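Per-chain numbering from 1; labels A, B, C, D and E assigned in written order.
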Amino acid sequence: MKGFLYPFATFVLFILGWHVLATYTDIPPYLLPTPTAVVERIYEDFPFLMRNAWSTTYITLCGFLLSVVIGIPLALAIVSSNLLDRAIMPWLVLSQTFPKVALAPLIVVWFGLGLWPKVLVTFLVAFFPIVISSVVGLRSMEREMLELAASMRASRLQLFWKFRMPLALPSILGGIKVSVAFSVVGAVIAEWVGANVGLGYLLLSANANLDTSLLFSVLIFLTVIGIVLYYSVEFAERFLIPWHATQRLKETPSLT
Amino acid sequence: MSELINIKGVSKRFDELLALDNINLTVRDGEFVAIVGSSGCGKSTLLRLIAGLLPTSEGIVEVNGHKVKGPADDVGIAFQTPVLLPWRSVVENVSLQLEVRKLPKAKYETELRRLIELVGLNGFEDRKPYELSGGMQQRVALCRALIHNPALLLMDEPFGALDAMTREQLNLELQRIWMETRKTIVLITHSIIEAVFLADRVVVMSPRPGRITKIIDVPVPRPRSFSGLGDPAFQAACDEVRTLMNASGLTE
Amino acid sequence: QDKTDINFRLDWSIYGSHAPFYLALQKGMYSDAGLNVTIGEGQGSATVAQLIAQGQDQLGFVDFGTMARGVEQGMPVTAVMRVISDVMCIISHADAPITEPKGLEGKVVAFAPSESTALVFPALLASQEVDPASVSVLNPAFGAKNAMFLQKRADAIPGNYNVQVAQLEGQGAEVEYFRFADFGLRQMNNGIIVNNSFKDANPEALKAFLEVTAAAFEQATADPEVAVDALIEVLPEQRRNRDVLLRQLVLTADSYKTENTQDKPFGWMEAKDWEDTQHILTEYGGMPRSLPVEQFYTNDFLPES
Amino acid sequence: MKGFLYPFATFVLFILGWHVLATYTDIPPYLLPTPTAVVERIYEDFPFLMRNAWSTTYITLCGFLLSVVIGIPLALAIVSSNLLDRAIMPWLVLSQTFPKVALAPLIVVWFGLGLWPKVLVTFLVAFFPIVISSVVGLRSMEREMLELAASMRASRLQLFWKFRMPLALPSILGGIKVSVAFSVVGAVIAEWVGANVGLGYLLLSANANLDTSLLFSVLIFLTVIGIVLYYSVEFAERFLIPWHATQRLKETPSLT
Amino acid sequence: MSELINIKGVSKRFDELLALDNINLTVRDGEFVAIVGSSGCGKSTLLRLIAGLLPTSEGIVEVNGHKVKGPADDVGIAFQTPVLLPWRSVVENVSLQLEVRKLPKAKYETELRRLIELVGLNGFEDRKPYELSGGMQQRVALCRALIHNPALLLMDEPFGALDAMTREQLNLELQRIWMETRKTIVLITHSIIEAVFLADRVVVMSPRPGRITKIIDVPVPRPRSFSGLGDPAFQAACDEVRTLMNASGLTE
């Protein structure tokens, strides 16, 4: 209970700040609508917004799951061989250094405007943090544990599932947390590549029409999706790695 | 008895540091060999070489007549540190050995319970390693090394963190297990009495570079018991090791 | 000297219709009129309008429809010179030409949700009683629209003929187009808007700017090549687009007058045109209310000629 | 030497595939230019591209450094107190779930069109991975080491500098690697709002003019910047954490 | 002599597990106390309570007359595991103690070299922990606990991973240091002889829940030497501890 006081307090503070900013300063409504205007807008257009939000959430989840399902094995490949590391990694870095919308024409022409190109774009935006965190996690195995595994003649698969993977989980989950937040933004960008529904689509037209109360309603929906997903991962963490210091010692951050 | 382990002219170098120098040692099948030597003389390194966890710099190690290239099958190792998986409970850490070796857990269930009971960890089966004391962790590692009843047992100071009483009990247990199953055991220990009490032969090593100073036979009949430690052959062996190790032997 | 600084922002990345501004810049016409002008490119009229409303830039070249929405929301900007009108069109392939809204039935049309044409497109269909459900609409990203058309994934795209037609032809496509205006949807497109405080504080500079600009457009109409070369002089990286830019500029020349301003000087705005433009916005564009059109524009700063 | 064979091989393969795709299939040049066309374009416009690349690199570096300088202390704050965690984290997640371009007008209005708003956008894109990785790393301190630090009566600052920070470095460096790649894309996005120079600006005009050879030239420049920065971090890693398993055991990924 | 440590009715509970039950113990200033007890009986937990690293569940611990709320100043601790910082070399790990306590390194330079020499780590000053053997790591931790010459020294099996000879040497060293500086030392050990040889009093603990079975005085005059271990008072003390611990005492 008490734990929720502070985030709630900052939330109230934030809304208050926003209200003051929007009402008592000369920031005009086409830049920053008042919180009440946004709340009204959400209330009025709720079913419409929900429909669009659902579409975006769906893409987000698909892209996110694809990131996990491909990202972790990719990390494993990179960890398992130096050659693969050198051969794959530059391409992964490459895939991160340009904005995905820049390739929209190619994507649209090659993959059309269906669900999969959108999932692909989301994946491209979200998978990298998982790969890097997994690589760090999977590599962080001390000689002693490697020797233990080797002495039991663990196969590569066993080494992964019984040793490396659980050991890497805290780090992987860190990557997943970043990834889940990025998936949301990835889905929005994916909808920019080509969609006539979804929060990304709404964002574009709200922007083009200077419809700031819609714009902010969309941002609020995006934030809610992102925060729900993020804290779902954090919640899962408690069950997946209760043994790890990040979880165990959370309540006693310092002994001094 | 045939030769199980054959170490021929083995040296091990870590960069400029010569850890082991020209080690020659043969361990017969079913033999109990103890290795003693001062801290840092290369005992753990030698054990790693036998286990196939490290490559030699020179010379070769043969197990069962084959050159060691990697970890052999049917070996149990108790490392110097417990190396428990923090996400697994006591029982799960022990049965890890079974899982990885694809042995049927059900079949080993009673043996597992018996071992846990033997090392005095009953009641702690479902605890995670961080809830255990140092000595308890070491005992879990011991169970893990024994659970699959390996033909070759390599133990690196397995009783180092245990109190005198527990240690004595487990010494007797180890002797019993050895006599029943006729495993080959290589035991590293800092306790000269433990070495002489348990082993057929005691290998004494000298430090930096690690060399074998002498190999001492312990011609004391089995089963040995703590009450029979007054035996002159036993005392003679102890004294010889002590002299070689430069220790008065009273505080060990 | 104390020249007046003016940041002038274009609506988008460079296209041919921008050449007259660069002509004026490169020939020193602004400078001679006592102005220190810098020209920046933009990322859509909405953002540019906001930049000007906030005084980051003083003047800009934006879509009047977008600007009208901004004013409705309280943006302190005013339109001071109309430049391009009635350029919205539907572009189709020459081998499968579409010449009227009815022809769109059963066809695939692609446009980005952020385009101003996206807004007017339903109006076009409605004006000719075309069932919107009979047209399949795709919404790719702005850059992907042309690619889809060229790939014939789309039968038609809405666009501004002064921009897209030349681009598509530049890629080797043969195109056909019809204007929205031909079917009664008259609308002013781009013109120059000013930040109100700048307008009030620097009326002379504003006048000078518009006068020079009008003159530059006149010169550019007379000799488009000189104008495009002036642009390339300032932005050498545009040299390989010369042909496209030139064609864009030439096509633009048709759009300087509306039906109601045939005998009016360059840049002049009629209330009727503003009413037409606003009507489309309130009717189809989701603009919540109409304003008296005088709030949008003034002809006061135009050069008398 | 041998280590570079594989990445080089995949590189050659990639170029070859591209060449075949662009030359022997019916993909038109406005979608995919030939490699030779792109190389020619880069050759012709080299000084021009370099000038723009430099501007983007500068923003990238500033944004990246800001991410490091703010991200790590932020993580420390989160780790040091559960309340702060609960109070700050939702806002950080919030800052990640919407595309930064959507806030561009606000940012421009508040901060203008200079260097700083661009650096700010880049920062917003790049800082989150550093925070999350640092939190994971800083929390991964075992009870034993905490006790050691406490027994020496380490101050909070000492606990951080002498214990937590070095221990967290492998994880932090993982976050930094993600961040450095994202900084590049962040700089591009930053340049989409009101820049007259930079690779992001070029990307826009290339897109508007269907100038794909310029588009791909820009992508190649972005990739080069990204890869150089990424491998600089990887290089730094060797000196910063030579003691860590990720580095030490790199050459012996498996004992089996 | 005044009382330095005063443990009054202390219990410690980990969830449902009662680790320590009603411990009462007083350690005088300058006294050398050893704690023995079977593995898992709560020795390390007791040490943590004294060190202020764990809160008690019941009762209070006083050091220097003040209730312990956190780690006290001027204490040196050798933990059961070495806990070395992997990014620091041997010397750096030892001088960590100086750095954190803001003691001038230059002043302690000779002392540091002397300690390293003493524990036989010369030549390894600049090695990282992963290059050291188990016993060598333990010796580094020992140096770290001693370097700042603390008034109170808490040691948890500090010689557990060392060979007999090194252990004897370090026992003698520890006695010398204690006699010279008159620190208060609390030593946990599994070696009964070590406990009796070094301590003024030996605290014998019983397991689960950890209680103090008996506190045995060792009235052997100082300096003690290994040759003088035949002393009947010494033997009597050893025998008493052994009986209490149920150990024959021969393998320890």
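We take it that contacts are C-beta pairs under 8 Å (C-beta built on N, C-alpha and C of every residue); 3 or more make two chains touch, one makes a residue touch a chain.
None of the values given here were measured: they were computed from a predicted structure.
Among the other chains, C has the CA centre that is most remote from the centre of chain B.
Counted by C-beta pairs in contact, the busier of A-C and C-D is A-C. Averaging C-alpha coordinates per chain places the centre of chain B 50 Å away from that of chain D. Mean C-alpha positions place chain B and chain E at a centre distance of 27 Å.
Between the Cα centres of chain C and chain D there is a gap of 37 Å. Shared contact sites, meaning residues of chain A that touch two or more other chains, fall at 31, 102, 105-106, 109, 143, 147, 149-150, 153-154, 192, 207, 244, 248, 255-256.
In chain B, the positions touching at least two other chains are 53, 70-71, 81, 130. Counting partner chains per residue, chain C has residues 46-47, 50, 54, 143, 146-147, 151 touching two or more of them.
On the chain B side of its complex with chain E, the touching residues are 14, 17, 36-40, 43-44, 80-81, 120, 131-136, 139, 157, 160-168, 171, 190-194, 197, 226-227, 229, 242, 245-252.
Residues 3-4, 6-7, 9-11, 14, 31-32, 79-83, 86-88, 90-91, 93-94, 96-99, 102, 105-106, 109, 128-129, 132-133, 135-136, 139-143, 146-147, 149-150, 153-156, 159, 170-171, 173-175, 177-178, 181-182, 184-185, 188-189, 200, 203, 207, 215, 218-219, 222-223, 225-227, 230, 244-246, 248-256 of chain D are the ones touching chain A in the complex.
Every residue of chain E that touches chain D in the complex is listed here, in rising order: 48, 51-53, 70-71, 73, 75, 77, 79, 81, 83, 85-87, 96-97, 99-101, 128, 130. Of all residues in chain A, those touching chain B in their complex are 144-145, 147-154, 158, 162-163, 166-167, 241, 243-244, 248.
Residues 44, 46-47, 49-50, 53-54, 66, 69-70, 73-75, 112-116, 118-119, 137-141, 143-144, 146-148, 151, 153, 285-286 of chain C are the ones touching chain A in the complex.
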